[in-house]
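Just dropping this structure here.
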Amino acid sequence: MSLERLIDDELIVATVGVEILQQALVDQAVTSVVADWRPPTAGTEDALATLAERGITHAANELAIARMLAVRPQLVDVASARDVIPGMTETTFLHAGPPLTWERASGPIRGALIGALIYEGIASAADEAEEICRRGDITLSPCHHHQTVGPMAGIVSPSMPVAVVRDAGGDGVAYSTLNEGLGKVLRYGAFGPAVIDRLQWMEKVLGPVVAATLHQVGAVDLQALISQALQMGDDGHNRNRAATSLLLRSLGTGLIENNTVPVADRKEVFQFIDGNDHFMLNLLMAAGKLAVDAASDVPGSSLVTTMARNGTDFGVRLSGTGDQWFTAPAPIVDGLFLGAFTADDANPDIGDSAITETVGLGGFAMAASPAIVGFVGGTATGAIRRTLEMYEITLAEHPAYQIPQLEFRGTPVGIDATKVVRTGVQPQINTGIAHKDPGVGMVGAGLVEAPMDCFAKAVIALAATAT
Amino acid sequence: MIDRVTVQSGRYHDSVRLMQASQALRNTDGVSEALVAMGTELNLSLLTDLRFDESEFSSAGPNDLIVAIRAVDEAALGALDQVLDDALTAGKYDTGAGDLPPPHVIETAAQSIGANFALISIPGRFAFVEAMEAVRAGLHVMVFSDNVSLNHEVLLKEEAVKRDLLVMGPDCGTSIIGGIGLGFANAVQPGTVSVVGASGTGIQQITCLLDDAGIGIRHAWGTGSRDLSEAVGASSTLRALAALDADPGTEIIVVVSKPPAPSVAAAMREAAARCSTPVVVAFMGPGSTLEGATNEVISRVGAPPNVYSAWPSRDSEHRPGSLRGFYSGGTLRDEARFIIEPVIGPVSLTETADGHALVDYGDDEYTEGRAHPMIDQTVRLERLNAAVADRSIGVILLDVVLGYGANPDPAMELAPVIRSLAGAGVAVISSLCGSSGDPQGFEYQANQLHKAGAAVYLSNAAAATRAGNLIGGGL
Amino acid sequence: MQHLLAGPSRPGTLLGTSEHAIWIASDDDVLVLSDREAVRLPNAVEFAVDDLGHWIDGDDAVLVGDGIVQIGWLTVTPRRWFDPRPSLSRCTVSDLARTARTLPENQHALATADLVNALASENEEEALQSASLLLGRGEGLTPEGDDILAGALASFRLLGNAVGKRPWFLDSLEAGVAALTRTRTTSFSGALVRHALHGRVARPFAGALHALTGRGDIASSIGHLLSVGSSSGPALVAGLAIGSSAITLEHAQ
């Protein structure tokens, strides 16, 4: 409203602060609303003021979120990690979350590394593998540094087959491992013979067959699949049954028609995917990685491009602060535990799967997935309300991911770190819970809030770049 | 009696709510004393005055919440947690329809109702960020908060100019926009006089004087106490003046401020001269009062001169002693000073043991961690009570300001101590800035103060003149 | 409306309710209690609430006076007053002629050139004749004929002021028009026509007048006015065209 209109137009007032001033407006029958304000997270005042003074974040964020939402991820291939992942060597082992050392690693990560070393033939037994790790004879590096993402421990070794996801609208590419299924699997830190055998089968059969199928049917439009899955009750993090089903449909004819592959193998592959409701999760995570990488490195932008955990630390990165990680201790997830497990059995939060919340899925799309609520604990209204709160800390509503229960409103996408510290609203993540001991597996699922400290540190660092 | 003191960090509540919580606790059976407050120096000293054990709260800082209670026994103490909790959360933002979560920052709140205006009154060190977001979201903004840095004020106003928006403030206590009172404002009749002011109470006094004369107000835009400084260059005042000049519904404009920087004063007079609407420029100082400016407006609109409402005292007797002023606002205190000093010589502007003084209890040192004295009269009442036995005081001058946002019944709180003072032979003179439409009831307040023994004047200049007369004789 | 509420408390009549408004007859006037959704009429008390009509019952007793309105259990205390007479910027007749040209083509069946001429030539008999033909004609809570007449009278007065013309002719019409409104149309609509004659108008109409005199965007304010009510909008715009034509025509003669 221009200054001229202030003369004639009726005021509609938003207030923040002393309540009696708001009450005075109500008493005068003025249309008004009061914000439920509290001071920003301790230590961030000066940084927020600096950013407001410079005035660069709004435009930078607009650019960054536009880039994030313009990405059109397509599953095009499966290949060996050593052949496609940048920076991969014969002794490089990628892991979920921010940078980590063996000394600080938790049970699931250690177990998964042991399993990966045995699988690669570098070690023949657990104690040998441990010794190699302790000596530092291998290189540990975050998946995120290599255009890759992995759920739970997220270990990627050279021989593993990885999905290749490309941007149809640009030249970005991202990778992820293929999902092993539930129970005793590498990503939960298991390393027994069954685990190794399965990994071998995935390398020799699953990977090549899916690759051949993709060459046959052409690229699979992951964006379209995810959008549909959201309207079928998936949330894109803890519930992926619809998406996995849709994926199988996309691959189906290609699988059947491929006569170069033995029938037995084709059947095994079909049954493997069919029996694993979370098969789509890894691919969906790679699609997310493509989107966040596209949005990275915009100077001055407070858009969150990474939320990831390594079982010890929770790490956050912003577009405007490049590769810098901002970490805090990974929280213990509070939720529903399977069987007789309790919070005492739980490992701290782990995995790159918070990439889904970073791109408007998972905890940010819970209203689309009522079934999830019972699974993660809590009430339906409470969980949906928490999802609604996410709109206040995000930059946009997703053009493709829509929530039928909210009149097809786009999911809240593009977390703005400055909004997180100003509102006190932390991003809400739906996640599985791993047992703290290697190899036991999933013990439950729940909701966890990304630690405020990460965002506080990030905003302070962003302000430093602006001065 | 049992004392209990707790100190909590990470809790935040605004000062008015804390005051209400203290009252709620004190009103509970079995409680003889209670204070719920942030750990500022002023509040810590109040706790010491109340004889709470210093060791229990000496570690508390300004960001900590202190709850200090004195009760008859443990049982009484036990019941208080609920009372306190209710008081601190009562009427908190009600999410209302559809269980939608409440907005936490100004731009989300604005978006939720399609707002075109933002009113910001959070502590000054946080206000810049919210105000800047509001401007960036395309809203006009009134920053009620004070203690915003000069640099931030300049940046806000520069950004506002770029977007054809107006920033009223920081430290803007009063505005009336299209008949809507924002901040501390009086309910006055609509009309064709517009006011632009760098002083909130200045605006309040002028609008009430005009209302008393039957002249209505079109707009009264506050621009912030520092707008006419050199650095800010009257950015908001000049733009407000231009907009009101172009307003067909405004017949005359009054500009009111304490004396601005000389270059700014010149620019203002030039701008006023260029307006097609008549402008009365009132830079307050010796010889220039709010009543005087109002009288000029009245004559320019062709209305007959007004005799402003007053409830004078019948006699001029008072015990010997100095004049002490207990003001809740700086502008009215300064006006009193400009009127009285020529008569009796320089007066102290800070509390003093003897001699004349006019103190502004809205000053930072008396309001740290407390609500403004126009709402919370605690400190002023304490001083007035002390004055009863202080034989060095003979005449007392105070202001009572009514209107939206202000204390719901200041006269009731003041009446007992005024009676005591009058009974002890002190002459009590009160200016009462209000209008007949105010929620407190102007006539009712005036009558209560008068019955208690005070001489009451709508015009602060008249009250100050009377005080000067009593002390110095013959103004 | 202040005079209505200032007097002693006296009974009023509940004329009707809709979802967003309550209409009360008191003395010779009609008082409208409306909520945020409703268009702000000149004789309205506006509430910052939603769905006002649900708050009362059809057979509640009504009292008006002593500063308040009482309907059954509901006590209404006005807190803030607005002036329904807009102060328009001064403008020249040629400026007005230019902006008035942008008004949409007058397609209303009832709008007549007779009223334009009657106003322009200040012919009392012809003006009253036109008024009597318009009043009560058409559909709606406010019949379209009433809206056309109200729009014409209000714009003739207010735009006349803006170009510096004295309103004596309208003042002389007042008695005759008022008498017609009391017999030929509903009390609610008649009250609005009487207010319009004095230049007291609904807010969207004020917006359109401001735009014609150079304050605001004409297209959007006319668009806003057109959407008022179910049939009132276009009729009010037709009235606006009549009033402004009469002003510019008069000066051309």
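In order of appearance the chains are A, B and C, and numbering begins at 1 in each one.
Quick note on the criterion: contacts are C-beta pairs under 8 Å (C-beta built on N, C-alpha and C of every residue); 3 or more make two chains touch, one makes a residue touch a chain.
Because the structure is a prediction, the values reported are computed rather than measured.
When chain centres are taken as C-alpha averages, the shortest distance to the whole-protein C-alpha average belongs to B. Using CA-based centroids throughout, the chain positioned farthest away from chain B is A.
Of the two chain pairs examined here, A-C and A-B, the one linked by more C-beta pairs in contact is A-B.
Distance from the chain B centre to the chain C centre is 41 Å, each centre being the mean of its Cα atoms. Per-chain CA centroids place chain A at a distance of 60 Å from chain C. Mean C-alpha position of chain A lies 51 Å from that of chain B.
Shown for chain C are the residues that touch two or more other chains, namely 79-80, 215. Looking at chain B, residues 178, 180, 246-247, 249 sit in touch with two or more other chains. In chain A, the positions touching at least two other chains are 4-5, 8, 27-28, 30-32.
Within the complex formed with chain A, the residues of chain C that make contact are 36, 46-48, 79-80, 207, 210, 215-216.
The residues of chain A lying in touch with chain B in their complex are 1-22, 24-25, 27-28, 30-40, 45, 48-49, 52-53, 55, 58, 381, 385, 388-389, 392, 419, 422-425.
Across the interface of their complex, chain A is touched by residues 12, 14-17, 91-93, 99-106, 108-110, 112-123, 125-126, 128-130, 132-134, 136, 138-140, 144-145, 152, 155, 159, 164-166, 177-178, 180-183, 185, 219, 239, 243-244, 246-247, 249, 371, 375, 404-405, 439 of chain B. Taken in their complex, chain B has these residues touching chain C: 178-180, 187, 189-190, 192, 246-249.
Those residues of chain A whose C-beta lies close enough to touch chain C in the complex are 4-5, 8, 26-32.
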